[in-house]
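Please go over the structures that come below.
Here come two complexes built around subunit A, the first alongside subunit B, the second alongside subunit C.
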Partner chain A sequence: MTLADKQEALTQQKSPSPWTIARRKFVKNKLAMISLTFLLTVIILSILAPYITTKDIVRIDFTQISQPPSSESWLGTDTNGRDVFTRMLYAGRSSLTVGLTCMLFITLIGTAVGAIAGYFGGKVDQWLMRFTDFMLMFPFMIFVIVLNTILVGKISGLWTLIIVISLLSWGGFARVVRSKVLAEKENEYVLAAQSIGCKPYKIIMKHLLPNIASIIIVQATLMMAVTIVAESGLSFLGLGVPPDTPSWGNMLFEARNSDVLKEKVWIWVPPAVAITLVILSINFIGEGLKDALNPKSRR
Partner chain B sequence: MDLMLEVKNLKTGFDIDGQIYHAVDDVSFSVEPGKIVGIVGESGCGKSVMSLSVMQLLPKGIGQITGGEIKFQGKNIENYTNNQMNQIRGKDISMIFQEPMTSLNPVFTIGSQIEEIILNHNKISKAEARERAINLLRQVGIPRVETIIDEYPHQLSGGMRQRIMIAIAIACQPQLLIADEPTTALDVTVQAQILELLKKIQEQNNMSIILITHDLGVVAELCDEVIIMYAGKIVERTNVDKLFYDPQHPYTKLLMASIPRLDIEVDTLETIQGIVPSLKNMPKVGCRFMDRCPSAMPQCKTITPKLAEITDNHEVACLLFEASNSEKGVS
Partner chain C sequence: MLQYTIRRLLSMIPLLLLISLVVFSLAKMMPGDAFGGEIDPSNTNPQYIEEMREKLGYNDPIIVQYGRWISNFVQGDFGKSTVYKKPAVEVIAQRIPNTLFLAVVSLIFTYVFAFIMGMYAGRKPYTLGDNLIATYNYLALAIPSFVAGIVAIYIFSFQLGWFPFSGSVGIGLEEGTFEYYVSKVRHVLLPALVLGLMGTASYTQFLRNDIIENGRKDFVRTARAKGTSESKIYNKHILRNSIIPLITFLGFDIATLISGAVITETIFTFPGIGSLFLESVSRRDYAVMMSITMLLSFLTLFGNLVADLLYGIVDPRIRLD
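So, the complex of A and B:
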């Protein structure tokens, strides 16, 4: 067979799109698939919480304080006599809502700012990046406390937290997108797109972003892990989700009592394990996506 | 006859560390309708910068036109806004680039990239655009059009991709096509096919082409008029016959000597010694080619030669010719 014949034979089969290739690779990645299944299970369980258990998550019951796990309450009860398993499910709702919503906001703001700065360059870039740096340098804790005081009562504590985390975390994302756009726009296809009369908005949306989508997707995934950790951290410190709404972070809050920490492990181990496993699985999914979307590792 | 393109005293500079250096310095030429004009020069002579200036696609914030006029079909376009240029780009003036491997967007099918330019400039349905795309692919000699139209660029060879770039460039039947080294990245055999295709389309659509190349062999095959550029300036301009039978500028002669020839057997191909000066090292006065010129004279250092007609339709910028010596007041 001559080289030309071989090429001919190669091109005979219909070429799969880059997305198809990536999907096939991702599905083959066992660790990533297990992680994805786990994460989806956790998400579905939290959504279905009211159908799985009917126990109250708020009402304090002094007759049931700190009961160890039993057939009645699978994971025992906390220091206020509330069922830990039930609270875990509802807490998953808060923590995952924070993670997913923040991821969405951060990705939208970060991508918009980064892509505009990178594509237009010059003055636009300078000002946008100055603003980004300003947001990044903002003292996190002070901002959290101030915004909390301003927003408290106006919107729910959960949304205050989402706004705070999103506003303070898009900066790094924007930087990554900007540097990728800067590199990507050097490709001749961008010049070619300009040379056929494409408007800047269209070049960014249609030509640049799809080509850096892999970076955006991977970054967004990891961002979800980061914001869930941030939620837990802030809630643990009493600055995050208010105690009347359970979240994995404020469930850990109870472990600050040394008696609970040492003697009543069923109260704090479940949220700790949930956070750890969720973060781990998000990271494995992120790694899997990175591998699958990397054109260099494509067969 | 109205000119297709007229460039007058064009100056294009780059901002390097706060100072402007000119990559195209006082260049004037014109392109007639239905003619192919070749622009020849070594790498770094300012050919690409010149064509990007015409398209107003210079790198934003770094490159800018600092003087001169660009007239397209009689209208001055050098001050057009980006929006106005977008109406022209791809519709009236198109461009083909050197690197077919990176000129196509890797995440879109061939078909959608051809449809894009058609939909940019025409109010028609997607189905009609696809119909036109299929016809265009046939016109540029793509085999198995029905399959290839839905494929992604990564499976195609360089030659095939360049054909697709040509299909995109001619999709809206532009009157002027700027081809910046369209065959430099391709194999010799493929090169010849692509040039043939360009010639065929030029005749069918009766468009003008500016063909940029560093290969005089390409010029001989295709062009009507030739411009030789060196270090941001035009050093010789004439029609293709005069250029090959009667080259005048020492730089042109050296370029000629470096074309491989089949009829004469040579052991080593003559190459020109030295390199094109970089923007920062450009001499302010005198001839820019002096350092590499076999016929350099003392006055080449102090007098800047000017492009002047030495015989009918033959302009040269070299002090070997009285007419180029501006100090003696000949014009």
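So, the complex of A and C:
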């Protein structure tokens, strides 16, 4: 056997990387895969909304008020004569935009605060964590509502809600990241990196964060479910997304009218089902990721 | 223990002051004049408005205004509700019993159901029943409370007609009569069931895992070896150990229940603190809004303290100092 052959044999036997193992585990998890497919379908449908349907989402049509489902409008029309199916697609857009953007912001803030506090320790840690605890102390719903009332109208559309939710919910995330960093930085590779003069920024970005990536990914996924619930809950109260923008919570708002709730089921059931299924699938994906990224779990 | 409690209570004071600062600045930033409700709105004479503002102290520096508000607040004067034309304390005190009643009943539901399901699932893990309970838990975690509330009203109030769907008591009933209390209970059952059943998931899961874990411990093996009956092992030996951590959840639940009630109370148009808060925000009743915010922040702090204290009481191995 020549040296080249040997090398080739070695590369063929190369054990799969942790990410490959995780991917394989995840693909085998049926529930998680079904959920992922469902979520992706919802996302694609929402993105393609303007191409799928050409009905107007804003214009009020008094000739078409509260029509039950028909071939003309698949899910009927709401109390303002707007097509429920069309609104569902556009509502998916705003609800998912809020969910995804908040998730991104919360992950960024939470990871930054947690990693800095955990890595530097001492005074920095103390002050950052004190601040985090302070933020966690505010009753979430109450302060979201108050902040939202202040900012509404000053910043356009969805951004008010995104900023408010993100500002108030990164606390738990930061705590989780900090505790993981605290444990991880005790490892020798961190000491090695420090001893050859690596900058703290580089150690955190290149050494610590990749090693706690699995926790961050799982937490971020679950955070998305939390923010979507927060968004739709606030919109349901009439305090979230502005009423002219459809969102699943805004559509449920109509169910507060007992006539709609009792007689016009087609108006409120679709958004209710959509929210529940989306949250459920995100939770399953989160569980699947947790399982797949945990090297100790066998499956 | 006592020393620890006192120290914790004292350390709450600076935190509460900080919160009050935040609440005050938020109220100041709110659209409209934060405390302007006392000026007669029909009188638009600028001189009158200026006079009233001067009289009520809105032209003082912010710091002075804050000082006045907080010193009144500490003395129990929460300001005057501009919507109800009554002191905010009275308005809030009127609503508190309703919210407390709802919270207590829903807590009872949470504990009873979590108890039954958790014990069953912990005793027979990985069976059909356990899987069904796990499925229920997933659903309960995924379904937002407002969706559950709407569906519950639709099914139980409109289709089956079992429960009333709004208010906290029937109209025209004399307070103190038997019917009055029956009606009160009937009104609270549905929102409490929704709140309570949605809250069971984490408890059930916790109890199940704890029972499974405890079932593997040495004292259980000893009990088995001595021939103790299986039901006695589970109901006495294991349960006593597994129930302890559950009690500590209570502290965290105090604030969650009350601020979570904002949504539930709105769905069921239940006149409690949560719906009062929403009303005060939308009608710019700043005195009430600020008082409720302060009250709930205090409750959160207090709940955390209770949780910590309960830890120490139920598990003597944990030392508080």
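List of remarks:
Keep in mind that, in the parts below, the second predicted complex is superposed on the first by the 276 of 299 C-alpha atoms of A that agree within 3 Å, B and C clash if a C-alpha of one lies under 4 Å from a C-alpha of the other, contacts with A are read in each partner's own complex, and residues count from 1 in each chain.
To be clear about the criterion, a contact is a pair of C-beta atoms (placed from the backbone, for glycine too) under 8 Å apart; a residue touches a chain by one contact, two chains touch by 3 or more.
For clarity, every value in this text was computed on a predicted model and none was experimentally measured.
In the superposition on chain A, A:A22 makes contact with neither subunit B nor subunit C.
Of the two partner chains, neither subunit B nor subunit C is touched by A:M88.
Of the two partner chains placed around the shared chain by superposition, neither subunit B nor subunit C is touched by A:I212. Contacts of A:A115 after superposition on the shared chain: neither subunit B nor subunit C is touched.
Across the two superposed structures, the residue set of subunit A contacted by subunit B and also by subunit C is empty. Those residues of subunit A lying in contact with subunit C across their complex are 134, 137-143, 145-147, 149-150, 153, 225, 229, 232-233, 236-237, 239, 252, 255-256, 258, 261-262, 265, 268, 272, 275-276, 279-280, 283-284.
By the touch criterion stated above, subunit A contacts subunit B in their complex at residues 7, 10-11, 14-15, 17-19, 120-123, 187-189, 191-200, 206-207, 210-211, 213, 295. Chain contact summary for the complex, subunit C toward subunit A: residues 15, 18-19, 22, 26, 29-31, 138-139, 141-147, 150-151, 153-154, 158, 165-166, 255, 258-260, 262-263, 266-267, 277-278, 281-282, 289, 292-293, 296-297, 299-301.
Residues 55, 57, 60-61, 82-83, 85-91, 94-95, 97-99, 102-109, 116-117, 120-121, 147-148, 150-152, 154-157, 165, 168-169, 171 of subunit B are the ones touching subunit A in the complex.
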